[in-house]
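One chain, chain A, appears in both complexes that follow, with chain B as partner in the first and chain C in the second.
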Partner chain A sequence: MKSWKMIFVVFVLVLSQILAACGAPATPTEVAPPEAPEAPAEPTKAPEPTTPPEPVDITMWLQATVTEAGPPPDDWIAYDIIREELGINLEYVIIPPAGDGEAKLNAAAAANDLPDFFQVTSTNRGGERDNLVNYYELGLVAPVDDMFAMMPERTKNHYNNQNLLDLLTFDGAVYGLPAPPSIPKREGFVIRQDWLDALDLEAPTTPEELLAVAKAFTEQDPDGNGKNDTYGIGAFIEGPGVGRRFNFVFGAYGVLDVWNFVDASPDKFELNVRDPQYYEAMQVMVALNEAGVVDPDWPTLSKDEFRARWKQGRFGIMWEDFAALSNKSNYEPFDTNFPDGSWTPLPALIGPGGEAYYGLDDAQFNVFAVSQRAVDEGKMEAIARLLEWIATDGYYLLGFGEEGVNFNLDEKGFINIDGIDEAQAYSAPERQPFTQMRNQLVFYNTLAEISARYPNYTTEGGREMTPIDTYLSFFQSQNWVPAFAKLLIQPPANAADFERFYNEGIIQFVLGQKELTPESWAEFLAGLDGQGAKEYEAAAQQVLSDAGLLK
Partner chain B sequence: MLYTKTRDARIYQVGIAIFLTVILLIIVIPFWQVIVTAFVPLDIYTREGIPFFLPPTKWTLEAFKQLMGHSQFARALWNSVVITVLGVTISMTLTVPLAYGLSTRNLPGRKLIMTLVLFTYLFSPGLIPVYLLITGMKLTNNYLAVILPPAVSVYNTLVMMSFFEGLPEDLKEAARLDGANELQVLWNVVLPLSKPILLTIGLFYAVYFWNEFFTPLLYLNRNDLLPLPVLLRNILISSSLNEYVEYNAFSTSPIESLKAAGVLITMLPMFLIYPWIQRYFTKGTLVGGVKE
Partner chain C sequence: MTTKVLALPSKVPAAEKLSIKKLLRTMWRQRWLYFLMTPTLIYFVVFKYGPLWNAQIAFKDFKPLLGVWGSPWVGFEHFGTFINSFYFTELMANTIIFSVAKLVLGLPLAVIVAIALHETWLLRFRTLVQTAIYLPHFLSWVIMFGVMLVILSPGNGLLNAIIERFGGEPIAFLTSPKYFRWVVILSDIWKETGWGTILYLAALLAISPDLYEAAAVDGATPLQRIWYISLPGILPVIVLVTLLRMGHILEAGFNQIFVLYSIPVYSVGDIIDTWVYRQGVLNFQFSLATAVGFFKGVIGLVLITISNRVAKRLAQQSIY
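Coming up: the complex of A and B.
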């Protein structure tokens, strides 16, 4: 019995110690009382005209640029500068992306506890605007029109796209700050040039030629290893239906993605599946799958698995992001396995009707908002001051680090790391916590930025790899369908059922689980109507017409 | 007849053995794959993917080194330990008296208390009311925000209550006759006889708090407070964003290996604890579930 009492005593002691330690030490930003005493004036130095005498507490919730790298340390020099020069006690919180971040924000919103400045997150691609609309309707976010004049440099560089601003304008006021889109039109159609050369083939220019080349890649041992271990095409499902990884097929028929933006007009705006050419594109998809030239695991592969497979030489034709393909850290495993291998970017395939669209330019962009509570507490000017500083004096510090320590700037304004200690270079893993805001609030896609982010390098085989010139520039020069208005289309009330019916129906046809015939296709379309497709189309047409986006 | 019986019994035994073998394989094969994935070197992964068998000389600890070498790993591990220890302590401190009280048949208002307890089991308040409560109590950025909401599990309480009810009433009565009050009965008689259920329920709580992921994300804004599951998730999610990230914080190990290593690291403590209390575990859950 004594042992039980001893355990109890120890238990109480441990509990008391842990409880005492429960609240971990506060950061300097939290130590500061809400109304800190006025900073003592320095007699020899005139106060900054734009800096208020009392530090303002600003809470900022943003996603990370490099999630695994963690936040900047508490003694980060930027915190000191922001406090001393801008008079702002910044509490910078990294929130998780997608669904978890959305849940965190929604919980805070429900409690009227949104941070002063925050990045709107969403589970769905492009769903940030929808969430902003919700916050606006609840009166939780403030109009930001007045901020533009307070941050002229930032407005000039970051918020200069009227289309994006219009998307975030409700009742005549702008309620969100649209960050410049991540580099637009960044994905493209590529093929293994070494496989083409080995089999003495030309790059495909039509869907028929695509099938022929993919068949050769599958059956004629293009890697010459004596094994039947290659496929023509690799993909995974990313997006509605079969996703955008088969853009090269659907683009040849002008039926990219869900909505028909190619033939959109005030009188007609409908789902692509209504277009007879969609049926033709589906026939090509069925033919590719029946011929066994697509890596058969494509419907179940994850993005990671897909990327591992092209690096393992499993297939020779794909749709891929330029950085995921050619950025040094991503390309290295492929380079090691195939020093003589190379991927060539291809233009859009030309369909039987002469159409050749590359992809949908739906201009994904980040959305930032200021909470109404922050404005009520008089923090708008301080938030604008902080954002302007990030776009001006703080630009290099937050984007790359300290000049001379983490990077060099040449006379043309380009970044390099010549003579910089490898571990201290802005691109080193150790430095990532210090530039976590770069993709959220700092970068706006200048050539100098992109060149610094995706530098040229030499491959194992001695080739000069130029991610921007070879891939990005090529992709961007293709025939993309403008579709930023897609963000205005609200999902139907039965979105889950509708999407399931749509996605499963298309996949079943492609995989041959359901025979693709004019009758079965008509049946599928009738089923979609049963799910409310016509009402969905009418609502979409209405909202785009009202916004003046159907011409 | 005897022969037939024996033959039937054999067939039955063989059938059981085959069935259990299949079940075992269903469990072991994916687990083995996770282990191999965690130890596969980058060059083999990028060349041929994840093999089913990896030559012993090829195994590498690189993924573990990368995860454990992360600047926040030690802090996150400590946070998880604190949340687990404190959570189990508070939970057991609250659950044991509640279960004991409810197991006492002549407790005044027992039915009402039981109804209230069951009400919380049947009707969850949902995320927002709990969030409002936690923020209203100023518990944001405090481990208690993670620990207090799930501190008393109704299920665990009922299992424990059932166990207490199964203890011989005579023992408690004898103690009362000797002048012990209810607390003394609980402390001196009931608890020493209840090791199996205490360890079992303690383990349930430990597993829950160790794996706690969403509430830390919700209530702990400061990264130095985040527990291990959140850190590992942050590391692993990077792979799905890698087209937007120009520099990798990790490059010497496949992302799949990091994921598998993360799984193994997270489950390791529970993996080590389980065998130690397994002999109590079955007894605890069975006795709690079956009443004579």
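Coming up: the complex of A and C.
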């Protein structure tokens, strides 16, 4: 019996621990607020009305600027400043990008537990607005019009694009804060110049020439290592269908992405697949894959795997972001592997119909929102205070670090790292956790920012790299299809089925799982209609006409 | 005669009373056992029965602001949406194929490995093998995908290098509908079989060594010992595992498929859970997602009940 009693005592102790642990979250939040104001209040013992207000708790969910770098540490100086100067206890959470982030936000939304301030995240490029519409329709996000007056400097620099504000305006009120668009038209078509030179080839200008060069790259050992280990083209699926990494093929036929913005008119707005030229572009895709000149892993690769492969010299033709291609930290591994390797930007290929479009300019921008719950709890003013601080006094701290320690400012306001310890420089990998908010809330693309973010440099092999001049300027000067209106199109109700039918159908043709013939293509189009393609097109046309975007 | 008839009904309540009293008394006598059980019971109430309340959104048009209770009822609409969805048959087929194949191929293999480990007399070898086969269980599917890409890639994968060495054409295992199912099933077996042996090993160790000794004295061969002692000894565990797996027949391993599949193999790889992720979670149709979960639960319950009966009748084994 004694032993039973012992067991009982131990059990009660364990259970009380478990219960205490379960109840734990409630305790600190209840206890903390009285403690915090007490500290400043005590020395003066001033009458109660003059004591500073209790710090406001703000939860903020943002994506990372550098996903692999992690969040800032708990003792980050910015947290102290925000607490002491702004009276805000900031809880900053980094959420994953794309689908994972969207799933997390949706789960929080379903529990009516969205954070106070958050970045709207989406699986699909440009899908952020769709998700904001969802949250708006459910009454989970608050109008932010009143905030603009509370943060004049930020509004002037960040929220000055009326087109973007209009996109986030529902029923007369603005429901999202559109971050300044990232640098537009920043991706492009590039080729390994050293491979072309080694095989004595000219850069391709048409789809046929592309196939010929890609074939040579695959079969004629362009890197001269005596092994059959190269492919012509590298890609991965990014976006609907085969994704935009094959823009150089589809652009030559004027059928970039899903919607036909090239031939859009008030009476006609269709899916690109209806354009007979899409079929021709598909024939090129089939030919490329049949010839085995595309890295065969492309349908399963992730972005990181794709990027690892061009750095390993696996293929010589691709569509890539200028910074991912040429910024120092990204280019270094490639330079180490191939000191003589170099990527040359190419203009759009010219199709048989003479068309040569480069890509779709769909004006990407991040969307931030304030939850209705935060506004109900009276936090809007504090959020505006925080955002204004980030755009003013906190700008350099959150964007680059501490002046004199992590960066220097010259008299013109440009950033440099002369005399700064290498590991402490704002651009060092060690410093990345401290500037995680920079792409989300800090930068707005001033000249000083752009030159600080994409500086010219010399590689170890002595190659002069000029990311902006060599790549970005070239890409931006090409013929892009304006497709800003794309963001207004809402996905159909059966999105998962429709998207699957569309993506799967196209990929199956490209990989040769289904033979591409006029009949099988017609069958595919009929299948799409069965999934409600016509209704989807009509709805899209309606939305764009109503917005006056079809001219 | 009459007294008997009269006595019968009066006896029944008495017996009931007695049994309740008896039950309470037994419970009191075993109160410490019940007490030890409370954390588990609390776990089930909080994490399993509590959330059942929220399952009602399967029959509602769930709006977070209105809450679970306040959202309007829509009846079986979401079930209809799922069952009438374009890919329903294919999703069901893929799910069941993966589930059944993993069970049918994975379970016997785990039993065989467990018996082999049990039979071996080289203790050090046994420990080594056990560690090696448990290891993949602790790798996440994301890591496994990396490993599989290195092995299966048609470009420079190990397996394809071997195929090419023997004059074959490289095979795109991960993107070919012809091979993808096998990739899923075999990779699951590779990852989980080792871990699955633990239960059977434990059951084998529980068999009295006397039986083996007696059999050896009687001249039984090792195979006869396995057939007549080991297998019948672990049969209850095999039945238990199979029955429990029947309850999860419509769960074919979301993590695995989600990491491994890609558009070219949707037709043979898309399962109920990945569809729910895309249509329910990403498109903010939580009611639909819940309805599908409910549907899976009901099917699982029905299957577990039927198979329990079948097992009871055929193998004289059951879980309740």
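The rule we apply is simple: the second predicted complex is superposed on the first by the 463 of 551 C-alpha atoms of A that agree within 3 Å, B and C clash if a C-alpha of one lies under 4 Å from a C-alpha of the other, contacts with A are read in each partner's own complex, and residues count from 1 in each chain.
Following the convention adopted for this analysis, a residue touches a chain if its C-beta (ideal position, glycine included) is under 8 Å from a C-beta of that chain, and two chains touch if they have at least 3 such contacts.
Everything numeric in this text was worked out from a predicted model, so none of it was measured.
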| said: Output check: A:Asn272 vs chain B and chain C. Expected answer is one of first, second, both, neither. What do you get? | reply: neither
| said: Per the contact definition in the header, classify A:Ala107: touching chain B only (first), chain C only (second), both, or neither. | reply: both
| request: Determine, under the contact definition given at the top, whether A:Pro333 touches first (chain B), second (chain C), both, or neither. | output: first
| If you stack the two complexes on chain A, which partner ends up touching A:Phe501: first (chain B), second (chain C), both, or neither? | second
| With both structures placed on chain A, which of the two partners, chain B or chain C, ends up touching more residues of chain A? | B
| message | Let me test your reading of the model: by the given contact rule, A:Ala69 touches which partner, first (chain B), second (chain C), both or neither? | response | first
| request: Return the residues of chain A at which the contacts from chain B and from chain C coincide. | output: 4, 11, 15, 18, 103, 107, 110-111
| Residue numbers on chain A that touch chain B, as the complex places them | 1, 4, 11, 14-15, 18-19, 21-24, 27, 30, 61, 64-71, 91, 93-94, 96-97, 100, 103-104, 107-108, 110-111, 113, 182, 186, 303-304, 308-309, 311-312, 321, 323-324, 327, 329-330, 332-334, 336-337, 427-429, 432-433, 439, 453-454
| query | Which positions of chain C touch chain A when the two form their complex? | reply | 32, 35-36, 38-39, 62-65, 67, 85-87, 149, 153-156, 170, 172, 174-177, 262-264, 266-267, 270, 275, 277-279, 281-284, 286
| Any idea which chain A residues touch chain C in the complex? | 4, 7-8, 11, 15, 18, 99, 102-103, 106-107, 109-112, 123, 131, 134, 138-140, 229, 231, 237, 295-297, 299-300, 305, 314, 372, 491, 494-497, 499-501, 503-504, 507-508, 511, 513, 530-531
| query | If you look only at chain B, which of its residues touch chain A in the complex? | reply | 42-43, 45-49, 70-72, 82, 85-86, 89-90, 93, 127-128, 131-132, 135, 141-144, 187-188, 191-192, 214, 217-218, 221-225, 231, 233-251, 254-256
